[in-house]
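The following pair of complexes shares a single chain, chain A, combined with chain B in the former and chain C in the latter.
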Partner chain A sequence: MLSEVGLVVFNGLTWGMAVFLVAAGLTLVFGILHILNFSHGGFFMIGAYVSYQLLVTFGGGSALSFYLAAAFGGGLVVAFLGYVIDRLVLRRLKHVDHAYSLIATYALLVLCEGFVEITWGVDYRGMATPEILAGASFQHGIFMPTYSMFVIGAGVVLFLMLDAWMQYSRTGKLVRSVAIDPWMSGVLGVNTVAVYTAVVVVGFFLAGLAGGLLAANQSLSPALGSQYIIQAFGVIIVGGIGSVRGAFLASVLLGIVVALESLYFPYYPGMLFYLAVALFVMFRPAGLIKQRGVA
Partner chain B sequence: MRNDFLDVYFSGVKGRASLVLAMLILVASVPFSPGSGLTFLVGLLMIQAVFAISFNILFGLTGLISFGQAAYFAAGAYGTAYLMQLDVGMPFLVAWVLGGLIGGVFAIAVGLVALRRASGIYFAILSLALGQLVYTVIRYSDALGRDDGMLGIDRPVLNFFLFQIDLGVGERYFYFILIATALLVAFLWWVWHGKLGRVLFAIRQDPDRVRFLGVNVQRYQQYAFVIGGTTAALAGGLMGPWAHILTPELAHWSYSALPILMSLLGGVAYFWGPVAGAIVFAWLGYITRTMPGIQELVIGGVLLVIVLALPGGIAGGAARIRQWLRRRRLTNEKEAGSNA
Partner chain C sequence: MPNMKRREFIKTLGIGAGAAAGGLALPFGGAAWASEGEPYRLGLLTALSGPASTLGRPMQVGAEIAIEQINANGGVNGRKLELIARDTRANPSDATVVARELVQDEGCNLLFGCVSSAVALAISAMLDRLDAALITTAAHTMRLTKEDFNQNYFRITDNPYMRQRALARIMAEEYGDVTQWSGLIPDHEYGRSTWQTFSAGLREFYPEVAGRDPQISDPILTEFGGADYRSYIATAMRNPAEGFLVSLYGGDAVTMFQQARPYGFYDKARAIVDTANEFIVARAMKENFPEMWVGSHWYFGAFEGNEINDRLYKRAVERTGDDWPMGFVSEAHSAVLAYAAAIEKAGTNETGAVVRALEGLTFETATGPRTIRAEDHQTIKPVILYKLRGAEAEPGFEVVEYRVVDGAEMIDPPTPGQALEI
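Let's turn to the complex of A and B:
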């Protein structure tokens, strides 16, 4: 019994933190631009491929430091892409109907898939797990891969850093003020356009970083772009769209739901997740943590 | 002048009707063209065109964007195929209509949930999440073939008691698709242009004002949702016997993007927009079919340009050109008049 509880918690946290890594940037961008960005999954995928390419090109070996450096590099490349995309596309979507901006970001996702297919081909690529993370430990009757613990740790660290930044730093407060009332912030002398761009760049950086960190967990293929995005959508909607804390809570909660399902009702994997998201939208559309100033 | 003739002739209802008739004749002559590849693609195109209009009944008229339209399409496709393969020997037409009803009932359920609470992005996500339920059920049900799909779906025999028509012979099933999709399009045309369509369009413009006029806004949106879901399911029901195989991808949310792409490409404000979009989309897909990657770049790029620069799509662009021509003609006439 106890080991079952442990198993559900461990697997739930693994799922939840992996999705949170993807959802963090997504919810940041939504919080300030009010655009639900389908292409976040695409840039997550590009981040994964870029880190893979960095490791292959520079022959990094299997040390953890190289792996982290490659993920960081993937994040930087995607952050630069985010700057370009913001200039070319996102900025123009401000005054476009929600439905159309959703479709525009879907078009970007399709473009990402095309770009990956042309650059890396359609074949699956595999990335070696760093040696130190390749093992597993067996404690209290629970099988715990080291890599899963790494993902959980990465998710928690990212959350603490983002939360501290948003809550206590000057720039974080600026971002929140622009999210709540861009007009008033502008009147008070905040360069709102610069804040928008900065948030998009940070959000895309997080997408690329997540791609690099999670790359060892999956086979890389052009389908990767649409794999995590729906889970991430679910998490940020349940959490309260635009809220980092909400996304973190929802990741844990939905992770537990998914883990419970796979233990006790494994016949239709994923079903409980969609049902949970639907129930939340129905009965608590504002999410776990309601953000002010979010449409 | 030739231009004037075209303009006057094709702007009237008679002109539209003759255009539609010309299109029907063109499609009906496809099986006589050499090579069977084209016939298959055009059959698929007709099904997808109805699928696209079924989406646009909701989006074009009410502005609600459903990201789960593939679920109804797949419910109809799998429902029809499953009923056909049962041992009870259910006639195809019955199976088809029941398949459509399965999609319709599912749409009623989703509509009751989604329209009551959600709007805008939440409606899109809710319809996506509920649509993914269908995908999950199909993918993990033995009776529906799981990931391998349902295989070996035969062209049906229509049994009219007095006589039988074996649709497996020659290209008969192609003509069955033609008739069935033409009837569905005619029905949707009637919905779009009739009283229901007008009320829905008014709701799109200003839901509050329409509510003040004593219209139950939500109920009308629900009508549109159910009509869209049922016709999508009926379009899907034609799919199994045509392709002989159904795969779970038909229910995946990325397949829901297909009618969205087609409608936007063609122009969501026009009834025939999704059809034009479906044709251009099929053509784009066909010429880039051997170039993995390029296909996505072309489709994504075109879509992005449409959203950012040409929200009216092809039909909107054509309307603008027509307007421009008319204005030019008027100024020409004025100049001619002042010269005289």
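Let's turn to the complex of A and C:
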């Protein structure tokens, strides 16, 4: 029984933190721009491919340092793309109907898929796990792959950094003030346009970084963009759209739900996640943490 | 001399006059070499863009090579063949639109291809209305030749029943001491039917071949198109089985096999069977790819010395630069050969006549002779299986050994209109 509880918690946290890595940038961008960025999965995918390409081009074997550097590189490339996308697309969507945002960001997703298809082709590619993360430990009847522990650690560290930035830093407070009342922030001298751009760049950086960090356990193909995105949307809906804390909490909760499902309802794979999201939407439509901006 | 060229080509196919007298149809030829009149148009329906194009593009390559070879040797009944390809994007609604376009606008009543069961079922259901025929070039759902049988539909490949039974027999032969089995299968019809057939095959062949009764646990059902398979792998690690059938496909299979590695799944699983991924997963994982048996439509190395095989392989490598072509190349090539033989036999490309000519047709292909069963339009062809493992040298994997199993021994009884009973 104890091992089953441990298994559910461990598998739930692994799933949850992998999804949180993807969802963090998504919820951050929504929190300030109020745009549901459907192309987020596409940029996650580009981050994964760029990391893969950096490792292939510059070698580095299976060292963790190179792997992390490649993931960071993927994040930087996607952050630059985020800057361009903000200037060309997102900035124009801020004051139009949500339907236009959905169409525009979906079009960006299609562009991302086309870009990957043209650049890397449609063949599936795989990225080796760094040697130090390739093992597993077996304790109290639970298999704990090192890579899964790495994903859990990365998710927790990312959350703590984002939360500290938002809650305690001056720039974080500026971002929150712009998210809550951009007009008043502008009157008080805050360069709101720069804040919007900075948050988009950070959000895209997180998408690219997540792609690089998770690439070792995924198949790389032009379909990767839609792999995590449904789960990521589920997490930010349950958590409260725009809330980093909510997304983190929802990631853990939904991760536990998914882990429980595979243990106790193995004949209905994938269903409990959607059921849980539907129930949350019915009974807590504002999400776990209701708020007016990012937090 | 053109006529001499044609004769030489037929000779290389191993289906000369003696073979014809023995009942084999000649897939190429006609009274005159010179092409006269309009070409016969064949319509290829396959995924040419999007993720599924990794399967669809090889079909196009195989079809183009077949048409190039046939036309270079005089065409059919003195007329050339022409290929018109349309992109289905592996989507049934897109596929029905382009199928109608091929038949009604382009005059292609003879269709072939399809990378997914859903597309094949959608097209098969509209064949009567279109007055068209369809040959599928991937091992789709059994329903196509069973409860959803359409008289204008043909499957040129082996079917899942044949494939899984052959895999089960090889497991009994190779891993007689691995008697505890389970599976990691996607939660959809194909996944469930692969498990049903494979487990029935284990029950049949283990006592017969290995002299032991297999102990079979319920399979682990996985989400289709999932990003995270770790929970399912953790469940597999708690399962007593030492042998696993895996019928996840494409990117799902790559992700699952990648995520299984740190769990020590490859140390636990003494026998792994992959139903249909050919070289897809091995190409992605390279040296990290674990040793396993994999089902395939065609492996060029298994048919060396067969002139059609050798010429197809050589041309496919020339065209693609890939030394390890997918089996879909051969299946689309075979579909064109089947249509060519049927058109020649019928003397026309009219749908009804070609359908009748295809029924019971025996013709030569890259995998040797194939016969299309008249009753349910399922082709009897060899089932090809190989053992793959990752390798340091390019292309990152190697074929350790292969088996060619007689399809006639593995095939299900023809029961068009009725569901498969196991």
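FYI, the second predicted complex is superposed on the first by the 292 of 295 C-alpha atoms of A that agree within 3 Å, B and C clash if a C-alpha of one lies under 4 Å from a C-alpha of the other, contacts with A are read in each partner's own complex, and residues count from 1 in each chain.
Heads up, the rule we're going with is that a contact is a pair of C-beta atoms (placed from the backbone, for glycine too) under 8 Å apart; a residue touches a chain by one contact, two chains touch by 3 or more.
Note that the structure is a prediction, hence the values are computed from the model and not measured.
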Chain C versus chain B on the shared chain A, clash or fit after superposition: clash
Chain B versus chain C as contact partner of A:Val50, first or second or both or neither: neither
First, second, both or neither for A:Ile103, with chain B first and chain C second: first
Partner chain(s) touched by A:Leu21 [first = chain B, second = chain C, both, neither]: neither
Contacts of A:Phe233 with chain B and chain C, given as first, second, both or neither: first
Which superposed partner A:Val201 touches (first chain B, second chain C, both, neither): neither
Touching partner for A:Pro269 - first (chain B), second (chain C), both, neither: both
Contacts of A:Ile118 with chain B and chain C, given as first, second, both or neither: first
Touched partner set for A:Leu33, first chain B, second chain C, both or neither: neither
Clash with chain B (superposed arrangement) - responsible stretch of chain C out of 27-35, 99-107 or 351-359: 99-107
Chain B and chain C contact sites that coincide on chain A, given as residue numbers: 113, 117, 122, 267-270
Residue numbers on chain C that touch chain A, as the complex places them: 49-51, 53-54, 57, 187, 218, 220-228, 230-232, 234-235, 237, 250-255, 258-259, 261-264, 280-281, 283-286, 288
Complex contacts: residues of chain A adjacent to chain B: 36, 89, 92, 96-104, 106-111, 113-118, 121-122, 226, 230, 233-234, 237, 267-271, 274-275, 277-278, 281-283, 285, 295
Chain A contact footprint on chain B (complex, rising order): 59, 63, 65, 67, 113, 116-118, 120-122, 124-126, 128-130, 132-133, 136-137, 140, 253-254, 257, 260, 264, 292-301, 303-304, 307-308, 311
For the chain A and chain C complex, residues of the former touching the latter: 7, 11, 14-15, 18, 113, 117, 122-126, 128-129, 133-136, 143, 145-148, 216-224, 227-228, 231, 258-259, 261-263, 266-270
